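Structure below; questions to follow.
For reference, chains read A, B, C, D and E in written order, and residue numbers begin at 1 within each chain.
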Amino acid sequence: MIFAKVIGTVVATQKDKNLDGKKLLLCKEVDHNGNPLNSYHVAVDAVQAGEGSFVLLTYGSAARMTEITKNAPIDAVITAIIDEVDIRKVSK
Amino acid sequence: MIFAKVIGTVVATQKDKNLDGKKLLLCKEVDHNGNPLNSYHVAVDAVQAGEGSFVLLTYGSAARMTEITKNAPIDAVITAIIDEVDIRKVSK
Amino acid sequence: MIFAKVIGTVVATQKDKNLDGKKLLLCKEVDHNGNPLNSYHVAVDAVQAGEGSFVLLTYGSAARMTEITKNAPIDAVITAIIDEVDIRKVSK
Amino acid sequence: MIFAKVIGTVVATQKDKNLDGKKLLLCKEVDHNGNPLNSYHVAVDAVQAGEGSFVLLTYGSAARMTEITKNAPIDAVITAIIDEVDIRKVSK
Amino acid sequence: MIFAKVIGTVVATQKDKNLDGKKLLLCKEVDHNGNPLNSYHVAVDAVQAGEGSFVLLTYGSAARMTEITKNAPIDAVITAIIDEVDIRKVSK
């Protein structure tokens, strides 16, 4: 999974029926400090994320493993809202 | 999912039988403003997109999750025509 | 899917039994004009392609969705021979 | 699979129910000598790894093939702790 | 599939039970002439490859389509030892 920040919403009227009722969010990939990286993804929201949220993004076939996304043509889903990333000094 | 713009059609007579009757469109990846990015994909159309359409593209195994593409050797499908991408100021 | 040009054949005697009898072709990724790009793939041929053919290449799990490739350890398959790519002026 | 070093832990309260009880670790991709590479992944731990561990990371649909991760929206899992990478002189 | 050269072995005691008894090999991606490319993969051996072998590497979900790798958390497998890559002059 990767980190992302939600930066917008995507509106589409004409779409596959399996996307009906799903919230499509534009996500910018970020690093663990929240600094923006180059790629972005449009992802379905499975955890009530909102704009500005710092989230965990699951992609590939795993993106269909939530109640909201199962059997839908969806390759990216927001699966968590990040509270904290705890980086410790690593002795090894 | 990613954004793309449809820029052409692909014609192929000799092909796998599971591609019969499917519209193959050449799609250029774009950003949320419609600016072209580097990659392109040939995708099957599931939403009556046409040339010039600003679309949502689903890829990987999820691309087989539409009525039109199920069980076919297809790794990219157009699943929506984008009306609008709404980017708000982010307070967080 | 992506475009590729077949540039050679791959010969392997010692291989997984599910690759037996499958033609392995070396494919160079190209753009829609046939200009070579950087990546290449070894793909199984499902459409009687030959060296020099301009082809459509399907990869990932979708590559197992042809009669020839099902249930085999194959991640790329040639699914069409391209006749033409039709790029129109786009007004939108 | 790739090599990675565990560099931190990820805390998330609001998340998909299938992530409950799973340890999310921040992993930096490394080469076989342990030198850091550019990408990182958030992965679920299936082998009691800890911070600083030099691990094997499995991604894609294969990441759901452990007892801990099956049927969950998880695209990366730590499947081994590396004891040693043995590089020999290659005569061929 | 891609070409790779086996450059080492990976030893791991603490690992997912579905990796037990599987030979983990460090593979460097190469081009069709055997020249090294940038990426590497840890792959399971399904064809009795050894160090220095010039091999075919299958990745993604297809990597679980051999007897040795099925149902295991494995995303890359060696599926053939390459005898020869035959590049012809292409007239088209």
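Throughout what follows, contacts are C-beta pairs under 8 Å (C-beta built on N, C-alpha and C of every residue); 3 or more make two chains touch, one makes a residue touch a chain.
Just so you know, these numbers come straight off a predicted model, no measurement behind them.
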Any chance you could name the chains that touch subunit B and subunit C both? none
Please give the intersection of the contact partners of subunit A with those of subunit B. none
Taking shared numbers over all numbers used, above half giving same and below half different, the subunit A and subunit D interface sides are different
In whole angstrom, the CA-centroid distance of subunit B from subunit D equals 31
Report, in whole Å, the distance between the mean C-alpha point of subunit D and the mean C-alpha point of subunit E. 19
Can you list the residues of subunit C that touch 2 or more other chains? 60-61, 63-64
Among line, ring, star, complete and other, which best matches the way these chains touch? ring
Could you read off the chains around the ring in order, subunit D leading and subunit E following? D, E, C, B, A
Where on subunit B does subunit A make contact in their complex? 1-3, 31-32, 46-48, 56, 58-66, 69, 77, 79-88, 90-92
Taking the touch rule as given, give the residues of subunit E at its contact with subunit D in the complex, in rising order. 5-16, 18-19, 24, 26, 40-43, 51-54, 60-61, 63-64, 71-76
